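Please go over the structures that come below.
The same chain A turns up in both complexes below, where it pairs with chain B and then with chain C.
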Partner chain A sequence: MTMPATPTLSPSAVPVRQRPSPAMLVNGIIVVLLGLYLVWSGMAAGNYTLRVLSIAGIYALLAIGYQFIFGHAGALALSQGTFMGVGAYASGILAVNYGVPFDLALPISVGLPVLLALIVAAPVLRLETHYFALATLIISQVVLLIAIEWISFTGGANGIGGVPPIRIFSVTIPPGWPLLATVWGFVALGALLAWQIARGRLGQAWACVRTAPSAAAAIGLDASRLRLTAFLLSAAYAGFAGSLYVHALRVISPDVLSFPIIVSCLTIVVVGSRLRPVGALLGALLIILLPEWFRDLRDYYLLAYGCILLLVVVIAPAGLLGTLELLAGQLLPASPSPAPSPRPLEPLAVRGAAVKTSEAAAAPVLDVSRLCCSFGGVRAVDDVSLRVMAGEALGLIGPNGSGKTTLVNLVSGFYVPDSGRIALCGENITGRSSYRIARAGVARTFQTVALVEDMTALDNVSIARDVNRIGLGAALRVGLRDPVQTRAREEAAFLLEQMGAADAMMRPAGSLPYGVRRRVEIARALAVQPTLMLLDEPAAGLNETEQSDLAQRLRALLKQGTALLVIEHNMSFLAPLVDRMACLDAGRLIAEGTPQHVKSDARVLEAYLGTASELVPA
Partner chain B sequence: MRKALFLSLAFAMPSLLPLSGPALAADPSIPVLVPITGFLAVEGKSQRNGAVLALTQAPGGLKVRHDVSDTGTSPEVAVNAFERAIDDRNTVAVVAPMLGTQMLALLPVALQAKMPMLTMSGTAAITQQGNPYVFRFFPDDHVTKTAQVRFAVEERKIAKPALIYQTTAYGQSGREEILKLLKARNITPVYQDALDVSQKDMTAVLAKAQAAGADSLLVHLHGGPTALLLKAASTMGLKLPIIAGSGLSQPSTLALLEPAELATSCAETGSSPISAETPEMQKFVADYRKAFDQDPDAFALGQYDGTMMALQALAGGANTPDKMTKALASTTYKGLAMTYKSNGKGDMAHSAVVICFDGKSRVPTIAKHYDVN
Partner chain C sequence: MLALQLLFNAIALGAAYALVALGFVLILNATSAVNFAQGDLVMVGGFGALAFGSLLGLPGIVLLVPLLVVMIGIGFLLAFVAYFPVRKRPPDTVFITTIAAGIIMSNGANAIFGPEPRATPSLVSSGDWQIGGLVVSYQSAAVIIVAAALIVGLHLLFTRTQIGRRLRATAQDRDVAASIGIPVNLMVAATFAVGAALAGAAGLLLSRNFFVSPTDGANYMLKAYIAVTLGGWGSIPGAVIGALIIAAFEVAFPALPALIPALAPYAEAFTQVWSTVVLYVLILLILWQRPQGLFGEAVRARP
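Up next, the complex of A and B:
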């Protein structure tokens, strides 16, 4: 891929000396302080303190798990307490009724909540926002009812007493400091594992799905699979926490399935941190210990507890850890991370069914045939047919509301057509989900730029590389450095350089000027290595120099054989760029041909300006 | 931002400080751990008041500290409160919560700490686990349900009862006992329904009971739901005899009902202090009203008696948990409600009464007294 040279900031110009970021520093300090405190408590504190700290550790583990679905995937699941309860019941019943110790029961007490999550995921994970919350709440209520009513198995509302203490490798862990050490040992392992899972590309993919879901789908991220991964991880952590809980408390009762558990968990995550395991530790200690500090207030302790929590949420909406990180960032400016060396993208191997045969190679890249789409009584796209060949640019114009963006949404799988056919390089892709269409080679940009604000421009682009290699297995396999991520970043650096946005690559996307954001978005689309690019008003908000620069870069793309479908109102930008233009009006294709032909078409003029007789010659 | 820093640190740093338990002092301590929030708040407050009244009237000029802790309805909170209480080396016994699930969670902790617990929990299972540190001063389900069923069958001649109970541990435990006792008399309920504590509309369940051909209602609900059920029955014009659980004996429940709504009702209970049959009971009721500005119920009286028994033992030299356990396990104590003596398992109360209302007053009369072995 060759593109016009653009003055960029050379990576070598960026300082390479790296020191821990302020956020890492804050996390590190908190971990050290917590560690010292726990060691000191283990040696000096009474049974009461040790017990409360042990319980806080169990809640920390529960909350670390909850961060996956609530924090990373951004879904308000109200089932975390249920998964904890299922783990607790599994471990407790196995121990009391069958004499199975904690360690041997662990596969079941962790596996059962995961299985439950898997079963409920299919109908529930499709739901959005409050519907998802409601569905998970209903599931929780059903499980609670089962626990109460299935008396012969669960002990009913009384539950089952006499659960033995934790036993690992035939060693019984007594209450006091041994329990504290065991619980917090597991918490440390759980936190490390969570950090490992979320620190790399999987964490970035979750951020993309959470904050820019359309963009995620447009680069081929399978949001359902990513959310499912988060949901299952949450359930696994909850099951483990439940197992510890029941052996620490020594009794199982429906209380472990009750709503206050999820309220505590949610509060811990909101007050501590939604994303960082260290925040969950901090939040758990605060939420579990706070009511205990206020016990002496007797009848008013819950009031004091509530007031303090409300104050924390109002004053530190980013959570305690987030606020501390922000403050540390202000006090200790971070040294910029070194930018990676640009690496050109390697040509793609044969992608899916596309270009498999010479016949397919000769087929139009995009072939839309008699496409229709209605929203209620409004016919947004009405019997539209058009084609785009390889290396060809088709401009799509039309007045506002004429169906241009709807057509792009149909082609990219964001909408499903009522009728008609869409083919990519001869392969029928009608009705496919958007991420699958993206993986087939269709990239797009949006009318309103859709980037992950907190991520650097570089990572906004790099996440679009090799999306099919993002997953839990890959996250667990990587060592301190992820070669896939390193390579993706180098390729992203190349693309950003090609788009003239190299200067901005290490800055958060949210801090970039509009024009640069546009370029980053196009660079991200290019990272998909598309055969077809759908650009929705790419020149909007750009000045003339930027428009000219962008047009030049798009022409270079065309020379590579990429097909372009460009929606644009700016004729001075569009007309010189495209080979042909098509005009939509009220969902119907009213003109198609060379830019000159379409611009002078009477129906087009009428659609834009009114009747032809009213027009004044230029 | 500076304010945020200050507040963040202010909230985060205390988590690094040790939790403080009750301050150590020379006086013996009997901490009171009861549910004063949640669905058992009404009963829990009665339990608290009974214990506190006894502790402030300790015999022989004894000074006994009594920190009150709310256990809510969660076993976890109860165990935390218990651990906190026994961190005080002067604790000789603990007034433990009346919620069965909390007591089940406390049993292994008490066993390990060798700390006697005085409770009002009616859940049968708590004294069936061979734990020598639990002492129950409220008649268990077997005693109270025997009174309820015997009264229903022998006095009201019921044959086709509908059984309405709560989905809580209290409800399930009582239901099991009622079914056992009915079966022994060859009676099967024509209708059964379990109600969640949050259920407010009782008309559907009453209509179903009526449609099933019930000749009476055996009710085993907490106080609030019992009042709602009686109100609904009155509104529907249901004339079936209602023999309720001890929830109906509580003044706080009765305050929710008009006397006319109580007309066909009776209830089992450990005692009925407001019926005030003896001068000692009248004094207790007067003291209680003066201290708490409300009427006492059976839970308050039972906990008063239980705590007073422990205080008598303390006055007699049982100034360690071990001595207290031995004293409670071996002594007979004549309380205001009844005579208490352990059956070897920690069940101290073996009597119950059935109270009935005349439809003109909220003050019941004791219709029948039952001693159950």
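Up next, the complex of A and C:
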């Protein structure tokens, strides 16, 4: 394969200065307005307002942290206030009892909530939404009760007073505008870091796990590890916010651990934005200032809180910022970023050790033996054995409900077999989790296309490259592009071009026509550089031109030595493509051999038609 | 005799908890979402009983009738405010709208009644029977009778009436229910009404002995949530059993030093607060060991 030598046609070759996208424009304008408002307040407002604005900044940090677990990882955690409280207590007690200033206490006031998150993560993070919410709520209640009961250490319900103001590098920050500037300085740093993380590969990986979890596993994304990263980041931000909080309020009390804190945090994120740090700033200022504006309502102002949360969830599910972004997207012309120049994938050095190659070459790529899987009383896959060699295509046919997709789900680790063995290039992979099987070189597509709808086609593919190199490191290089991401995008551009989807590259996957989406999905599977590819009805919904186009591209893959297992009902597509065919019926393998042989097998005909007659090619 | 007394107390408490948990699980089954306002509905029931009591000056058991009527109305309102506008969104959206509804209720109660704990009128009258060494207060006996009557009534509603069958069909499979002509939206709204009525009744039953204050909701919600987790997510009999288990634990824990002499030196540790902490930690351990809940869930997700 050679690099396509048409640089003049590639948009990226033309040095056009890119316009900011409408969404970025909205974010930028809001940042500028908020900045001006804060500067004006810092100069003009009274001490009370400055204090309220400082508190709002602290909530903004808390909420930016909450966006990681609630927004990006999509888990309704109700423990964010607890992490903040633990940070606050740590910093407060260190300052009052041991005279440790704010800055020196930070490793502990941030580290302790992170440690707590790490400890509870193991039992809690794998739970389904409803149990996760319960478990995090219970944890927060337990910590609150301990803070109230452990009077000798925490001061009990009264808390501890006399917390000194923030001190950084031996400089004491007085209340008023210096406190405001310090807090919002930290907010700016925190928001910048969060923004870098969100737009990088980590943010994209979260989007994938959140909106297309099966696809995420199929390209080798480790969902639990990604969730853990989000959870720990949330806790770290919360701990930092808590530490600022206790030094700004100058007292510590169990209130910081109570349910209203998490409710405020949730409201800020829902009202502002679940994903964008700028939304958290906007939300925090609105939600914290609102009670001040409605002060005349006295007891009823808290009612407004609930009403606003409810209204925003119902009317503006994307939050205020998201709604503004949508509006701007409608009003302003879209300006897609330039497509990267395609770069061919380097052939895999040897997957695994070189020693294995001699035996691996001889072993079949896929060796399934005596596989069984039941659901309740139904034997979905019943004693199935089959092999696929390198560069070989095996077609899998059978009537609806005969166990074809279940077999693919078993091989790719989505289901665990009741008995039997699955080997990949001679290595036993039975019972491994799906993401690890994907990393071992098994790629798959889905019967219904699974893409991240609001991510570009390019990034849907690029995220599948180098999945073990997704981390926080890139986010720290503020202002710079992640070299791994740049390279992954170039390679993704190459793959999409290979699949004939180059024109669609920079458009959101959700806006693409069905046939193109199928091809994007196959490009994504190719990005794994699989030794075995499992295709579940790849031709479904494609017209005849698209079908023959797809068949041609799959043949090219076979030439490179990839093994293919293709589920398909469409015989005119399947028969010329595959070397062998296998037919399942009621979970059992009833025929295997050349397409001609299988198509005329009496039992196959009976399975499909009930009687023995010529199988009509579709 | 102590054990018998504890058992009686546990049943009296568990019967009231069971009503809350039943409402929670009914709404859960109808909407596949957690109603975070379930506890606040208990609190509203408590304050409702208080208001009717001072208005009418009648014993609690009579107040139950107007209270249930009002709670049914509140349940419908809750469905229209917090469920129907977001019913096509992911279920965790309902978590958030019901949290919001809960905030509105608790702050509304705070604005109207103030933050102090208040006691509702007793169900019949104060006093008790002494049977052997067993003390059976009229209040506790009435709580058990009222709760049992409501649970039996609910059972009859669900099994013997046409509307009950429709409610069950809606909870089991909305699409199929809709396809055979059941007005599913009305049925879901009715489920909210039943859930709110049960919670309101529990508020009346609990707020005599335990008082009612605007911030009580979270506590009751957690108990219902835990009861349903213990009893099997979505199981109706399980919710009742879970509620009884929680009540038994809460009643037995402070009495443990009296029951087991070896624990007597540590009697100070067996407070109500630590009973809650121990219960919560136990639930966490259960979820850790059995992420699908104690009795599992029926559905297996398809990739």
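The rule is simple: the second predicted complex is superposed on the first by the 576 of 618 C-alpha atoms of A that agree within 3 Å, B and C clash if a C-alpha of one lies under 4 Å from a C-alpha of the other, contacts with A are read in each partner's own complex, and residues count from 1 in each chain.
Just so we're on the same page, contacts are C-beta pairs under 8 Å (C-beta built on N, C-alpha and C of every residue); 3 or more make two chains touch, one makes a residue touch a chain.
Small disclaimer: the values here were computed from a predicted structure and weren't measured.
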Chain B and chain C placed together on chain A: clash or fit? clash
Task = Could you say whether A:A121 touches chain B, chain C, both of them, or neither, answering first, second, both or neither?
result = neither
- Message: With both complexes overlaid on chain A, does A:L285 touch chain B (first), chain C (second), both or neither?
- Response: first
Contact-wise, after the overlay, does A:E149 reach chain B, chain C, both or neither (first, second, both, neither)?
both
- Does chain B (first) or chain C (second) touch A:G161, or do both, or does neither? first
Of the partners chain B and chain C, which touch A:L302 in the superposed model: first, second, both, neither? both
Give one of first, second, both or neither to describe whether A:F446 is in contact with chain B, with chain C, with both, or with none. second
State whether A:L134 touches chain B only (first), chain C only (second), both chains, or neither.
second
Q.
Is A:R51 touching anything from chain B or chain C once the two structures are fitted on A? First, second, both or neither.
A. first
Only chain C stretch among 37-45, 109-117 or 163-171 with CA clashes against chain B is 109-117
On chain A, the footprints of chain B and chain C overlap at residues 148-149, 298-299, 302
Contacts from chain C onto chain A in the complex sit at residues 34, 81-82, 85-86, 89, 91-93, 95-97, 99-104, 107-108, 110-111, 218, 222, 225-226, 229, 233, 273-274, 276-277, 280-281, 283-285, 287-288, 291, 293, 300, 303
Per the touch rule, the chain B residues reaching chain A in their complex are 1, 3-5, 7-8, 11-12, 14-16, 18-21, 36-37, 67-70, 73-77, 79-81, 83-84, 86-87, 100-101, 104-105, 107-109, 112, 123, 125, 129, 167-173, 194
In their shared complex, chain B is touched by residues of chain A numbered 33-34, 37, 41, 44-49, 51-52, 55, 148-149, 151, 156-159, 161-162, 175, 249-251, 253-255, 258, 260, 282, 285-286, 289, 291-293, 295-296, 298-299, 301-302, 308, 311-312, 315-316, 320, 323-324, 326-327, 330
Touching chain C in the complex, chain A uses residues 76, 120, 122-124, 126-131, 133-135, 137-139, 141-142, 145-146, 148-149, 214, 217, 259, 263, 266, 270, 298-300, 302-303, 305-307, 309-310, 313-314, 317, 375, 409, 414, 446
